[in-house]
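Got a structure for you, questions after.
Order of writing sets the chain letters: A, B, C, D and E. Residues in each chain are counted from 1.
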Amino acid sequence: MSGVGQGNAGVAAPPAAWVASTREPGLLAAFWGRLRARPSAVVGLVVVGALMLMAALADVVAPYDPTATDWGNVRGAPSLAHPFGGDEVGRDVLSRIVYGARASLGAGLVSVLLAVSLGLPIGLVAGYAGGLVDGAIMRLTDALLAIPFLILAIALAAFLGPSLTNAMLAIGLSATSTFVRLTRAQVQAVAAEEFVEAARSVGNPPWRIALVHILPNIVPAILVQATLTIAAAIIAEASLSFLGLGQQPPEPSWGAMLNVAKNFMDQAPWMAIWPGLSIFVAVLAFNLLGDGLRDALDPRQRT
Amino acid sequence: MTGSTTRPPLLDVSDLAVSFDTEGGAVHAVNGVSYTLAEGETLGIVGESGSGKSVHVLAMLGLIPRPPGRVTRGKVWFGGRDLLALPERDLRRVRGGEIGFVFQDPMSSLNPGMSVAAQIVEPLRIHLGLDQRAARARARDLLDLVRIPNTKGRLDQYPHEFSGGQRQRVMIAIGLACRPKLLIADEATTALDVTVQAEIVALVQELRREIGMAIIWITHDLGVVAGISDTVQVMYAGRILERGPVDALFRDPRNAYTLGLLRSLPDLSRGRAGRKRLQQIDGAPPDMRTPPPGDPFAPRNAYATPRCRAEMPPLSQAPGAAPGHLVAAWYDLPALLTREAAQQGHTP
Amino acid sequence: QTLRFGLMEDSDALDPTLARTFASRMIFAALCDKLVDIGPDLKPVPQLATHWELSSDEKALTMHLRPGVTFHDGEPLDAAAAKYSIERHLKMPGSQRRGEIAPIDTVEVVDPLTFTIKLKQPFAPLLAQFTDRAGMMVSPKAAERLGDKFSTSPVCAGPYRFVERVPQDRIVVERFPAYWNKDQIQIQRIEFRPIPDSTVRLTNLRAGQLDLLERLAPTDVPQVSRDAKLKLGTTYELGFQEILFNTGREGSPVADARVRAAFDLAIDRNALNQVVFNGEFLPGNQWVSPKHPNYVKEYPLPKRDVAKAKALLAEAGQPKPQITLTVYANSEAPQVGQVIQAMTKEAGFDVRIQATDFTTALDAADKGNYEAYLYSWSGRPDPDGNTFSFLSCKAPLNYARYCSTEAEAALQAERGSVDAGTRQAAWKRLADRVLTDRPGIYLLHRKLLWAYGPKLTGFVPYPDGLVRFTGLKLN
Amino acid sequence: MLRFLAQRLTLAVPTLVLASMIIFALQQLLPGDTATALSGEERDPEVIAFIRQKYHLDQPLPVRYAYWAGGVLKGDLGESIRLQKPVSELVIEKLPVTLELACLAMLVALALGVPMGILSAVKRGTFADTLANGIALWGLSVPNFWLGILMILLFSVHLGWLPASGYVPPSESLVDNLKAMAMPAFVLGNAIAAVMMRHTRAAMLGVLGSDYVRTARAKGVAPLRLILRHALPNAAIPIITLGALEFGQLLSGAVLTEQIFSVPGFGKLMVDAVFNRDFATVQGVVICTAATYIALNLAADLLSAAVNPKLRRA
Amino acid sequence: MKAAPAYPVISVRNLSKSYPLRSWWGGKADVFRAVEDVSFEIRPGETLGLVGESGSGKSTIGRAVTMLNPPTSGTIAFEGIDLARLSPQALCRTRARIQTVFQDPYAALNPRMSAGAYVAEAFRLHRPDMARSERREAVASLFARVGLDPHFLGRYPHQFSGGQRQRICIARAIALKPSFIVADEPIAALDVSIQAQVVNLLQDLQDDLGLSYLFISHDLRMVRYLCHRVAVLWRGRIVELAESDRLYEDPRHPYTRRLLAAVPLPDPAAERARLAARETTNPAPGRPGDLVEVGPGHWVAADPLPEETDR
């Protein structure tokens, strides 16, 4: 029968050649495209990239050795030779900012990575498994949350020796419980959605449901928290290094620089301004990038 | 255009167009929709899913999400004002007051965090200025009206404690709360079983007679449309393809898409054993980011002429049809059907 | 009126027998009078004891108490009370004073206002010890009643009596109306407020939240000087800052005296003072400052000599010794550490800085679990208090694990006599050894800095770092 | 209701036991012990031995835990070795201060973070959004000690409006109390405001796109009511969850701020206790924070149920 | 139609499901009996329609027979095997043969999974040996089978229309050649022309693959069109079960009659007439009684039992 009502269901099977030739743009490419479409995300990406590059190429970028002291430049005001000025023992602030990026970005990223890579799976298990497992995990998390960060950090440093790495570990560990709780809450919300039931109905084992179906849907909240935690970690490294538990002197970190600078607020404000600004810029950039990533990872976001 | 009344129409939509900005370009969801609605008239709107039925009514009241949505052109006259030009403040007075709205999805359209009473009371307080007690009493009456049993105990319950059908009835109660001049019901009965649906249809009919309310009823259920409407309008790809008095349109469809819709209904006259395969419309609607220049249905239409593919036909009085029966088509469907039947050797 | 006094740290238990922090001494200065006080010139002056005499064999000290003095609870301060207090210092479990007055054998009451202290052997620093907590008298009645809870409401015989204490917030004392020297006490109440951060302490003073603060950061001196409303009180301390070496540490370069000498030569004390302390402190090379009467002039401040340091290292066969320097994590010590690190680097040293909290540092020092330790000592009026505990072979504070027969003999000699000439000779002999062996390198003597607001008058800085409230006025 | 509370409180027991065990074990990792910390400048070996023995520091770990736990069961949290005061007294003294500060800080955080989060969600993509984000993140990236000192300089030294330090109990003078708390609460709240703001924004973005918000608009609900009555409660769950988390961390984590403003709270007590290896105090404070923390979670759950009736079923 | 073999694909015996009713602070208050003592079986190649008022427990039954939401009591045997006895792993494997198509195709699709990946998942899970390219081809031909342009493989759910989404769900459901599909209101959200597409698709698949369906719907015309037998559910119990023509022509139970009388007619004049003549018979109170056979294969519930619980 001709006309509007066509009895035959569907299109004819495609030639096999088509399958290989026509592909939607790859996942990564699509993701990249979406990311690129957001100016703020691009700014975030560029700044984060630049900071990372600066940290990686510190040897090339920094005008001076960040630990070289110059008694003539003690708390020296910014000048042509030292555009960001000199610090409390006459080191070049600019060079220390450049090198400090290593410790500070490292502290931010490593501890967040640690917190996420511990907190996320644990939260997933707690949220999805429920029952006794959940109860046990949550009791432990609550207990850990009650342990002051400082004790954890000192104990860890005492156990493993004080170093930047161990500070990152301590910061990461203490941020973990937050991620556990957050993940769990999100998982419980997503697990109630119908598509999870649909996933069960094709015979997905629980682990696969958790990883493939739930995990991608809780990424936004985790991303927000992760970018916020980066900031908190950079600041936390400062207080740890003040106690000798973080970056070991004379190696620089932004937080430590800021920490020392407070004693010279009046006489050498530049000692504070530059590290402070660096932290702000990094935090802002990570958050912009986080927002961008979140949007780009969300296929529903079309604007 | 409809009927012969000299009074100005209640609603006059002219050349309304809405688009959404998306990554792949603007989606032209509504492409110049014009029609009028008289006081007390019931207009049924059917059409392809995604054809802009919901979007165009939302646009009238400034309810499309903006961004990404954008009303690109058009005017919507209601009670002597152009709703699209009205400041938000004044528009708020129209919404829920003079125009009541019932949304498609009762699951998500009710606020899960507010008691049912609070949600029904709201428009009463905003538009009628009732105090809390009076509004609550009215809310109870409304729940009675939409046949929710045991209204007293249920007022302070939350949406999730209601069944889907009951939730839909709550939505309808909200839409009717202020006795609007116009009720827009967007698939108000889709999720309901037929008995409840029948009750609601009857209820709306009653109210319509009682308060002389006009209705725009959007649905996929041709049976409901047949029962409730004075006028029916068929939409496709953001346009109106056909519009006419309900009997004329069902009896004598002039657009191939309308015909396709009517034909896809199961024919039960011969019982299950004698049933025929359902007729379906093959193909997919056009990509609205790049709407075709001509008749959007042409690619799926076996009767399409070359002109159909090139040029959009205007919506105009169908030749030889009932007055007010408008169609947008370059072809003459009855003629084609007759020819086809002749070729196959029997009359349709 | 209330004097609000900003302290750097909170005090520990307010019991002269048990207390161990500098902050507690600050508060005892108001609460508890001592048998003897020191003057700004470090000479003992009468306080609760009006006069005293030492027996010729230097083994008995007879002290005469001021008549009519009462404790805050109204109990009389008589010889029996003094005997009780001293014995309490000696015998109470956990007493921190025992070591300071260990040579005391017995205390005998002669008459109500006279008592005699018998020593096991002559002990020159005894009187000096009595100028501090060991000389503080407590009410026997209160001490008996409260036992080891005495600190919750200490009862002494000082110008102020205890009112309340909110840990970490404030300690409040009020004028004791029956104080023996009450005419000299003008201020009604004193509120001691611990504010650890020196910047914050200063801001509080500037905001009018404090009237007086101690231990101003040297780098803030210009800021205070510029501020017309603020005044500065300064004096050099009795103590010192030094770098201690763990001489007993096997396998460590610091076990070699030549390496230690090279380390000393690599340091420019003046530059260190300028960089970290704005030049406010006093460079030093001995346990007392160059301004102190007991300074051994034969050993003046050494000059920096990198070449010689390198030569010494070469001689020791360790051209690039790697040394971990433990510093206490406050705002200044890590800076000192970093400057020293930079300075000694030029001589070939590779110094690693390890900043730790106080207890960790102490623990490492106790256990000999360190190489070099940047250490400060608040100082005692008698140089014995700056040397004996550190340099005597078995002394508890001998973190350097230093033991030299000559030094030991010299230390015993300076203790064994009150004769100035004998003692000075002993100091010279001690210096001969110690400044050559260098179990530690003395670096600086701090300047004690007080800042106070416009209302406070009559402030006199004392080198022991404590405030004398006698004569202070708030307008 | 009572049974539910009882049930929840039973769940608290394992948490408390766990927390106390963890903290006990952790303290063993700290170098140096109470005796080291307390033996003072003089470091008399006899004193050290005396302290060790008096406080059972010479006993093996499980024995010491048993001593402590036995005490707790009898309602005795032990004694602060350093301050020679029962820990329970210390806790009773500091807890109200800490709680007040935490509450005020939370208030500041919510008062700043939530409106800013709403604003930036409503005006997503506009300059206002960018600005609100910038302000919030600035608050997050300024260390507390900096903000604190700068505020003292401005409000106490230059303007003289607020006291730089000094806690006044509310029983003495509520006005003075609030004046003294204003700056520390702001400094603490400011950092948390960023967290609140970012999560509010994310949650609001989800809610504002929902159908029921559209329904409300179709009813003619005014924008303010739309946001506060319809959208916000549905976006509140992450705000409540994180609020409780942050609140919990304020209990012992406000050290720096407490130090700058000389607020006699838990944080400082805790840090001093840690540095002086005053184990009983650390234990006591941890138990109290853990208990408060559990209470907070309970409150958060109740609050969540209040804003989300659906949770009342499960 | 193929002749139906004697043994059933799925056989449900005395299925009951109750939900705990909890007070808002979590204490258990009571149970709500959503489905009670329901028994039916479906033969290979057969479609059983399940109709009834909303809230009568249709979806609950659908979820119970797939063990997505196991019943409180009663047995469900799939091809003779009691599903409750299977180990979790075995149940996962068996799920390959029992599939569900959900009412809301948007909610049932993972918003962050592309259509292709979604369909491919079935293979990934149950055919781990399949090569990538092989899987790709299989998915592509499934897309073709359900009438989707294989270009859409990489698209995400939000980029599809409702009908297309439902086709994706169906493609996944048939991927593993199941013998039984639960279709829970698969056409409710679709416009009529797409409804026709989906129903035709289901029909074609049944013809080709010999599938059995449990077809849950409010659209009584479509049920009559598609189903061999129809069960009417009311208040958690089956009140009438018969061959579909028989049921539509000779409804016995009052509720069935009421239901059929409410079906709107797609003809304006007839529909207006029907509406005008509409009588509103209220169903008798109480719970329906046990089924009795009134004709060959035609079961009707006895008079309602007195109300036990207020619903």
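Criterion: contacts are C-beta pairs under 8 Å (C-beta built on N, C-alpha and C of every residue); 3 or more make two chains touch, one makes a residue touch a chain.
Chain identities (UniProt): A, D = ABC transporter permease; B, E = ABC transporter ATP-binding protein.
All of these numbers come straight from a predicted model, not from anything done at the bench.
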Any chain that touches subunit D and subunit C: A
Pair of chains joined by more contacts [C-beta pairs], B-E or A-C: B-E
Farthest-lying chain, centroid of Cα atoms versus that of subunit B: C
Length of the line joining the C-alpha centres of subunit A and subunit E, rounded to whole Å: 46
Rounded Å distance, subunit C centre to subunit E centre (Cα mean): 88
CA centroid of subunit A to CA centroid of subunit D, Å: 23
Computed distance of Cα centres, subunit C from subunit B, in Å: 91
Multi-partner residues of subunit B (at least 2 other chains): 67, 260, 264, 277, 279-282
Junction residues of subunit E - those touching two or more other chains: 147, 149, 197, 200
Multi-partner residues of subunit A (at least 2 other chains): 7, 9, 154, 158, 262, 265, 302
Contacting residues of subunit C [partner subunit D, same complex]: 10, 12-13, 15, 19-21, 93-96, 98-100, 148-149, 151-152, 166-170, 193-197, 199-200, 203-204, 206-209, 357-360, 362-364, 366, 377-378, 389, 396-397
Subunit D - residues contacting subunit C, complex: 30-33, 36-47, 50-51, 54, 82-85, 90, 93, 145, 148-149, 152-153, 156-157, 160, 163-167, 259-260, 262, 264, 268-269, 272, 275-277
Contact set on subunit B toward subunit D in their complex: 58, 61, 63, 65, 67, 92-97, 101, 103, 105, 108-115, 122-123, 126-127, 158, 160-161, 171, 174
Residue ranges of subunit E in contact with subunit A within the complex: 63, 66, 68, 89, 91-96, 98-100, 102, 104, 107-114, 121-122, 125-126, 133, 136-137, 140-141, 144-151, 153-159, 169, 172, 176, 197, 200-201, 204
Partner subunit B, residues of subunit E touching it in the complex: 51-55, 147, 149, 161-164, 188-197, 199-200, 203, 218, 220-222, 224-225, 227-228, 244-245, 248-249, 258-259, 262-272, 274-275, 278, 280
